[in-house]
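One chain, subunit A, appears in both complexes that follow, with subunit B as partner in the first and subunit C in the second.
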Partner chain A sequence: MTAQPMNSRQRVLAALRRQPVDRTPVCNPTSVATVELMDLVDAYFPHANREPELMARLAATGYTELGFDSIMPVFSIIQESSALGCKIQWEQKDNWPTVKMREPIWEKPEDIVIPPDFLTHPDTRCVIEAIRLLRREFGDEVAIVGKTMGPWSLGYHGFGVEPFLLLSLDDPGKTMQCLDRLKEATVAFGLAQIEAGADALTLPDHATGDLVSGEYYARYLRDLHIEFSQRLPAPIILHICGRTVDRMEYIAQTGMAAFHFDSKNAPAESMEIVKKRISLVGNLNNPETLFSKGPEEVRAEVYRNLEAGVELVGPECAIPLQTAIENLVEIPKAVRDWHREQATRN
Partner chain B sequence: MAKTAALGRRVELVPMDPHCQDITIALYRQEAADGPRYQVHSFSGRPGVVARLDFVAGATAVLGGMAAVGPGQVRFACGGAHELAARRAFLEACKLDPAQPLAARPLQFFDKKTGHQIHVAPLGGGVYQVALEGGDAGRAAAVAGGLVKLGQMQNPAPDQAAFPCGQAHDALIGLLVVRAVNVRATLREQEMQAARGQLAAPSAQQQ
Partner chain C sequence: MAQLNEIHNEFIRQEIEENIERPNERQRLIDNFAKSRPSMQAIAAALIEGEHATVDQLTRAALDEGIEALEVMDDGLIAGMAVVGIKFRENIIFVPEVLACARAMKAGMTHIEPILSASGIDPLGKVVMGTVKGDLHDIGKNLCIMMLRGAGFEVIDLGVDTSPDRFIDAVEEHRATLLGMSALLTTTMPNMGKTIEAFIDADLRDQVKIMVGGAPVTQDFADDMGADGYGKDALACVTLAKHLLAVK
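Here is the complex of A and B:
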């Protein structure tokens, strides 16, 4: 810890570099939008996923209303998939837009073409413009986190989950060709967001614990993730859902700044594996705690993470849209209280 | 400066109100000296929201047999919480067509499954007895069980349900008995509503 007071942006960036901070930052590498926050600023889904002003306005509530140290405007995981040509179910205020993966757009690696308008497509441009607006409004006071999807997730979206997984079993060579083509979309979208003002990027790559093993991660993704950390000149926060302790060793080798980890992994156990080679962020359980329980239980999970030494505290993934605001504001409150208690004890 | 007021503990939420521009309306529980109070609230500043919240609070009071104690605020006269029942009153109030007259629901209900009328009779002290015209004791017990579950009530006899506060709540019984005939469907509906808005990883999505 450092005695020097920091602003939110300084705090997040320092924690991503594992440098001293005045207190643990509260960071959301994924969405903290809720239906009540949509009402508060009159920015509803699905429009807040497609119009930059609404996207920026809704995202800002994470900082202005909830007291987080970061703003993350990319609520969904479909923006670049839409620009790549996937069919999207945009849904309505109370649900997430999704890719219609039963209607795949690719069958083989050669089908993957990044369209020339990839970065000017309305659904990618929306993100880039929203980041620009947020940077203009908030200057250097809060960390603005962008998001670019990794090639494994884009593979699911473009080929469909089952066909892509079967391809990875049947033909590793073709799978690598797919990933090599798709990684250029990841890099292009990431660079555009950094240029627009993003301080860091979340990179979700859904090699999730339920479908993909640690060995698979090492075979297909570790080197690609090392490449991303070299080609994208901003701290990268890798996001993979589920139980991932079997690949945390590999993830810690990638050079990425942080790993956004799921509540299925105990904080202390995860810290023991990564050994300060990568920061950890997240871990607060969404469905059982933030959505279904109350501030006391939220506080207990925050404390569990702080006691394990987790560098940045936040929800494990995009929070359910019906999450109560009182549970979300409890996160920064609990972090401040924990640090106060530590200071008193010492 | 944060605009989110301290409203108490949120106990129920309607994410998209079909009668008012898809705004989100929630029910918050606040503790007071005379017992819990429930606040109907929306963060929306859209035109017409204040009137809509007044209607929902009023309808919640009528359907739940509650008293209005402030703008958008209701409580039970007994001072009890009856939280599950209050939530049900709020949910049903949000569904009501605002153009229709408001009235508490009767203690009789036609049971489609048996083709008989269900009667719920107050016995005093907050105890209610369920009877079917056809005299089906098993069905009466099942409906009483449904009331116990949905209203956080006690079960002094197989065909009876009792409020722990010992007070009469006829309006609540009229509201709950309609749902008590099929508790499983009611709970399933609640679960489906709660599952909306939870983001699944691509690997866990159904489409």
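Here is the complex of A and C:
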């Protein structure tokens, strides 16, 4: 810890570098948008996923209303998939947009072409513009985190989850070709967001323990993730849902700044595996705690993470849209209280 | 109680020896395989390896030889899937491998289903299955459906992105006594609760048992939502369905 008071941006960036902080930052690498917040600022899904001003306005509530140290304007995981040509179900206020994976757009690696208008397509441009607006409004006081999807996730979107997973088993060579082509979309979208003012990027790449093995991660993704950390000049927060302790050793070798981990992984066990080679962000349980329980239970989970030494505290993944605000504001409150208690004890 | 060396197929023996640790499961598999024909064990072995072309060929050959479709399904395909299910539960294999095994099972079932349908055997029960509103993932649901059908249930598959009203309409239309809901996203899981509430509002909750599953779903969450049961995987789904409908 440092005695020097920091603003939110400084706090987040320092924690991503595993440098001293005045207190643990509260970070949302995926999304904390809720229906209540939409009502509060008149920025609703699906429009808040498609119009830069609404996207920025809703995203800002993470900082202005909830007291988090970061702002994440990319609520969904489909913006660049839309620009790549996937069909999207945009949904309504109370539901997330989703890629229609039952209507795949690719069958083989050669089908993957990054369109010339990839970064000017309305759904990628929306993100880039929203980041610009946020940077203009908040300057250097809060960390603005962008999001660019990894090639494994883009593979699910373009091929469909089942065909892509079967391809990975039937033809590893072709799978690598797919990932190699798709990584350029990840890099291009990431660079555009950094240029627009993103301080860091979340890189979701859903090689989750619920779907594939740790060995799969090492075989298909570790080297690509190393490449991303070298080609993208900002701290990268890798996000993979589900149980991931069997691949955290590999993840810690990628050179990424942080790993956003799921509540299926015990904080202490996870910290023990990564051994300070990568910061951990997380891992408050969404469905059972933030959505279903009250502030007291939220506080207990925040404390569990802080006691384990987790560098940035926040929800494990994008939160359900019906999550109560009182549970979300409890997170920064609990972090402050924990640090106060620690200071008193020492 | 049969012994491992009574199983003819060497690959099956190895699979049991190396991968099945729970004594009761091990013995049940040994007993089942020991009394099955070598040709059924060969189908099971090909299925466990995910070789769909071999399963297709061996299933056709077995039926051509005059072996009953039910026997081919039970002693070959389902016996193989039982091993696959355990290996998946124990994290020995993951979804890609399970999908390859499911593809092999489907190859075999293509030959068996028409025969079973024509034979007019009563199903164990009627189950409506679907992924909840807002969620377009269906791998887990499809695996459950395949296993339920294999176990003798009639399944009405509503696909993905299923609204509470569609669940209600399907249960009423088909007079189903069991409903299965799946969700892969923590953001869509609450829609399970909404669907259950819709059944309460429609005064239908007492007429149907409701089971839930999906990667982020847990027993606690299922309890909170008011479901009757939670299944961790496709094998557990079949066990749960039998339990909820009091089928042996």
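What we mean here is this: the second predicted complex is superposed on the first by the 346 of 346 C-alpha atoms of A that agree within 3 Å, B and C clash if a C-alpha of one lies under 4 Å from a C-alpha of the other, contacts with A are read in each partner's own complex, and residues count from 1 in each chain.
We adopt the following convention: contacts are C-beta pairs under 8 Å (C-beta built on N, C-alpha and C of every residue); 3 or more make two chains touch, one makes a residue touch a chain.
The shown structure was predicted, so the numbers you read here are calculated from the model rather than taken from an experiment.
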Report clash or fit for the pair subunit B and subunit C bound to subunit A in the combined superposed model. clash
Which of subunit B and subunit C A:Leu40 touches, first, second, both or neither: first
Contacts for A:Gln322 in the overlay, against subunit B (first) and subunit C (second): which applies, first, second, both or neither? both
Contacts of A:Gln253 with subunit B and subunit C, given as first, second, both or neither: neither
Counting only touches as set out at the top, which of subunit B and subunit C does A:Pro287 meet: first, second, both, neither? both
Return first, second, both or neither, reflecting whether A:His157 touches subunit B, subunit C, both chains, or no partner chain. first
Quick check for you: in the superposed arrangement, does A:His206 touch first (subunit B), second (subunit C), both or neither? first
Once the structures are superposed on A, label A:Gly67 by its partner contacts, choosing first (subunit B), second (subunit C), both or neither. first
Name the chain, either subunit B or subunit C, that contacts more residues of subunit A. B
Touch check for A:Asn7: first (subunit B), second (subunit C), both, or neither? neither
Subunit B versus subunit C as contact partner of A:Gln177, first or second or both or neither: neither
Considering only the stretches 95-103, 167-175 or 185-193 of subunit C, report the one that runs into subunit B. 185-193
Common interface residues of subunit A - those touching subunit B in one complex and subunit C in the other: 89, 95-96, 98-102, 161, 208, 210-212, 241-242, 286-287, 291, 317-318, 320-322
Provide the residue numbers of subunit C that touch subunit A in the complex, in ascending order. 50, 91, 94-97, 99-100, 103, 133-139, 142, 160-161, 185-190, 215-218, 220-221, 224
List the residues on subunit A that touch subunit B in their complex, please. 31, 35-40, 42, 44, 64-67, 77, 89, 92-96, 98-102, 153, 156-157, 161, 206, 208, 210-212, 241-242, 286-287, 291, 294, 317-318, 320-322, 324-326, 329
Residue numbers on subunit A that touch subunit C, as the complex places them: 89, 91, 95-96, 98-102, 161-162, 165-166, 168-170, 208, 210-213, 216, 241-242, 246, 286-288, 291-292, 316-322
Subunit A contact footprint on subunit B (complex, rising order): 2-4, 7, 9-10, 13, 15-16, 22-24, 26, 42-46, 194, 196-199, 201-205, 207
